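Each chain gets a letter, A, B and C, in the order it is written, and its residues are counted from 1.
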Amino acid sequence: MYKAALITQLYLKRGEKMKYVIIGNSAAAVGAIEGIRKIDTDGEIIVISKEPYHVYSRPLISYLLYGKTDEERMKYRKDNFYEVMNCKTILGKEAVKIHPERKEIELDDHTAVHYDKLLIATGSQPFIPSVEGLESVKSKFTFMSLDDAKDLDNSLTPDSKVLIIGAGLIGLKCAEGIRKKVSSITVVDLSDRILSSILDKEGASVVQSHIEKENIEFILNTSVAKFLDHKAILSNGEEVDFDVLVLAVGVRPNINLIKEINGKVDRGIVVDEFCQTSLSDIYAAGDCCESHDITTDQNKVLALLPNAYMMGECAGTNMAGGEKIYDKAIPMNAIGFFGLHLITAGSYEGDVYTQNIPGQYKKLFVKDGLLKGYIIIGNIEKAGIYTSLIRDRVPLSDIDFELICRKPSLMAFSKIERKKKLGGVIHGY
Amino acid sequence: MKKVYVNEEWCLGCHLCEYYCAFANSNERDMAKALKNVSIHPRIQLEEGNNINFAVSCRHCDDPLCVKGCITGALSIHDGVITADTNKCVGCYTCILCCPYGAISPSDHGVIQKCELCTNNIKGTPYCVQGCPNNAIVFEER
Amino acid sequence: MGVNYLYPEYEVVRNMDRCINCRVCERQCANEVHSYDEERKIMCSDDALCVNCHRCVSLCPTRALKIVKSDHTFKENANWSGRSISEIYKQAESGGVLLSSMGNPNSFPVYFDKILINASQVTNPSIDPLREPMETKVFLGSKPNKIERDKDGKLVNNLSAGVELAMPIMFSAMSYGSISYNAHESLARAAQEAGILYNTGEGGLHKDFYQYGKHTIVQVASGRFGVHKDYLEAGAAIEIKMGQGAKPGIGGHLPGAKIVGDISKTRMVPEGSDAISPAPHHDIYSIEDLRQLVYSLKEATDYKKPVIVKIAAVHNVAAIASGIARSGADIIAIDGFRGGTGAAPTRIRDNVGIPIELALASVDQRLRDEGIRDNVSIVVGGSIRNSGDIVKAIALGADAVYIGTAALIALGCHLCRSCHSGKCNWGIATQKPELVKRLNPNIGYKRLINLVKAWNHEIKEMMGGMGINSIESLKGNRLMLRGVGLNEKELQILGIKHAGE
């Protein structure tokens, strides 16, 4: 790390411009660009992306479908972002191979792009399960990119019966997006509950009841055994007729570029706390790589936009010769379905503190004297205070835990802590 | 940069800052007209306890978690002030998930709202500061 | 319960069009007058509890509130006023002594309002204070009769200890216990910055305020609360309290419930015990005894601090003052019958004592007649309400004035006269922490400084108008005053001519 910074400094001293290349054009890329430019205003930045669009926020595609936003407002940064940040963009082209010995990227049109520092921010792609008969389904879609959403939208009619495989974040957001445009929606999931990646059984049933009010049917504890063109035969024997199929069973991080050149990968690209891969001068950030989840002390892919941005910023800073560590990664989600909001963070192990009051379902998870995770459904105000307890690893003996269980408040901190937090010493990141 | 600070030793828990905030952001010229029969959701919020009270509003952090987490890019920094483009906001509440001070809250219009130091309303300078009867809230650089 | 003899004196008038249910009135009323009716979604008020302190009115963000005198009336009776009748109801119910706070509110003559000031015209031109030097600085203390020189002709310093004031105003004695810590802090900081003095009153000096010692008068009252060596050393002057204008002849009583924490420590009284100040100092039963105490205090502080003797203005105040002037005291403080108090029996406050204007004039004249005027400085208090009163007081013979009620008003007091309840909504006459918080000394001390500075400027303007550029020339200058609507006797006692003469 020190060596990399040294080399970068040498470059900058010699007046030569560093060449930063970023593969990917989403949150992690933007984080990197903004991180680099805070330190190096001269270096050349090139962004390469398969999608032809100005950087847009992928989580917004469901909001686009039900009209909460439009393509213009979906842009993650202003139109002049690349200009202001002095970045070159190569859009609509795919990076197919890295040649680390020459420090070159090979594109799908066989052109080469040289780099001094490289960031892999390739994100992930939808996982297509292999199910008998899937290829016979004509009207099938994944729900990941803007093009996916447009294609899906174009296929819908007010009479459409939609079958969504996967009751996770993506599947349910899709359901919310298209509900008003179609006749019926059925969601099938192998798990015993919806949103199994972020909710416990009790919380999941609260959300499920709410969504069911919109006439969305859930079939849980089962998977599709076989597809016919307009029918799914489930493993529990049920049959579901559909016009349109949406596959939302999961995502796979895009790790091939690194894997092919023997960089360390697991489920995702493996990086250190500086967001550097096992290969020199190559960094990775976002959904394509793994983060160290401090609540479980394990590495896992945290496919969340805030995480992607912060990893990108960390990588960019380090690429430009600064020094930034990203050591506060935790799972965190803020999401809403038909007016019911939920916020979750961390992991759900340890002692459970429950509070069920009208308008709010809340669970706090405590282990080793620290808050490890929480689930809040309904009134999510000030949830960020809980998040900060997890990220900052605040010993619960230092605060008024009883008050914190009742409601998230800064009053739970000691007077001295409050003076630091509110009185003029500002902690951000 | 000048920011709003609340000295808890002088805060009386009177809630006037909340009403002045609601008024300032209401686009009305008369406070009675602005707030009569209105349930307020102000951008500065009081935390009350036994003999300790203080109001919390956006700290306009130098390194803001909310801006980094915002999925639409609606939250951004202008001249040090963290502003929310409510047109872009879709009300996902990721910022509420991130803010360690609980300073962002859902607005009445399905999006979020936060203190913007009255830079975007007719008052021009933080109105909670003017309304505090005990000089507990100040607008200064620290 | 059955018969309500007492109808609420005040009514809370709420403009429902402007009320936004912010509930600040409810939150800020220590008397619990206001409440929010959840069902009807409106604010309600219980007039019977209202003391007319205006806290709610002042804080209401839409000016939806006002307090009016109830127009519920007794039959008109010039002799038996509604108040007299109600007071009998109260005593018939409780059997107790009626207690009141602050100064005498009854309509006795206010002589300041019947005295007019001169201005120069044609001869002896007036002076513009913004363009020419004006001296309002005052030195209090005993003045030597003549200049002494040594055998080489050099001046011998025969000045006794005194104090220097940047202007002829001081904050009068208000004890820590009757008013709050924050009120004392405001007074101390204001006195320091304005270059004047404030008075500890009989509650002792809190250790946090020793830093303002150079601007503090430490009081030795009949209960001797908080009096010890460091206390005497800390102050710039020491005041022996013989009497108080609001309650001449009696002592004071701070209930045990208020003797807690810092009050207990500062007064050196055990927590929970009543703090009773006896009527006389039990070691002073004659003027010789007073002289002895004066000199004991001077010995204890090495003759470095002037000693003030504070008396109430009573019938033979001139003779008493004459005795004090010969006792070794450096300053006499006279407190008129309008002076304020934290709590006093109503009948004593309203019927005992004489107006400060008359007391001042007769004391000044008596001391001059006896040739001992220079032995002492005279400081007067007891309802000095504005700079006009100050100019008139100085012209009648005072060296400086004490302001008490005026200072508290500057801090936010609305003269609701409920101090004895201990629930002062402005954080002044209370010890409850949640109420004391309402008086932020950072705001309070600035308001006090603004007040005295404004008055100082006005004094200069009036002096300039008279063609006087030094306060020395105004002192005792009765020719600058004329009376109006005063009879022969009053004019004679005041020593001034009638307007037109």
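Operating definition for what follows: a contact is a pair of C-beta atoms (placed from the backbone, for glycine too) under 8 Å apart; a residue touches a chain by one contact, two chains touch by 3 or more.
Keep in mind that what you see is a predicted model, and the values were worked out from it rather than measured.
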item	value
Chain at maximum distance from chain A, centres defined as averaged CA atoms	C
Innermost chain by mean C-alpha position	B
Rounded Å distance, chain A centre to chain B centre (Cα mean)	28
Whole-Å gap separating chain A and chain C, where each centre is the average of the chain's CA atoms	70
Centroid spacing, where centroids are CA-atom means, of chain B and chain C in whole angstrom	44
Touching residues (chain side chain C, partner chain B) in the complex	17-20, 22-24, 27-28, 58-59, 61-62, 64, 433-434, 437-438, 440, 442-443
Residue ranges of chain B touching chain C (in the complex, touch as defined)	9-10, 12-16, 19-20, 23, 31-32, 35-36, 38, 51, 131, 133-136
Contact set on chain A toward chain B in their complex	27, 31, 57, 59-60, 63, 68-69, 73-77, 305-306, 309-310, 313, 332-336, 341, 343, 345, 380-385, 387-388, 392, 408-411, 415, 418, 421-424, 426-429
In the complex, chain B residues that touch chain A	5-8, 47, 49, 52, 54, 56, 59-65, 68-69, 71-73, 87-88, 90-102, 104-106, 142
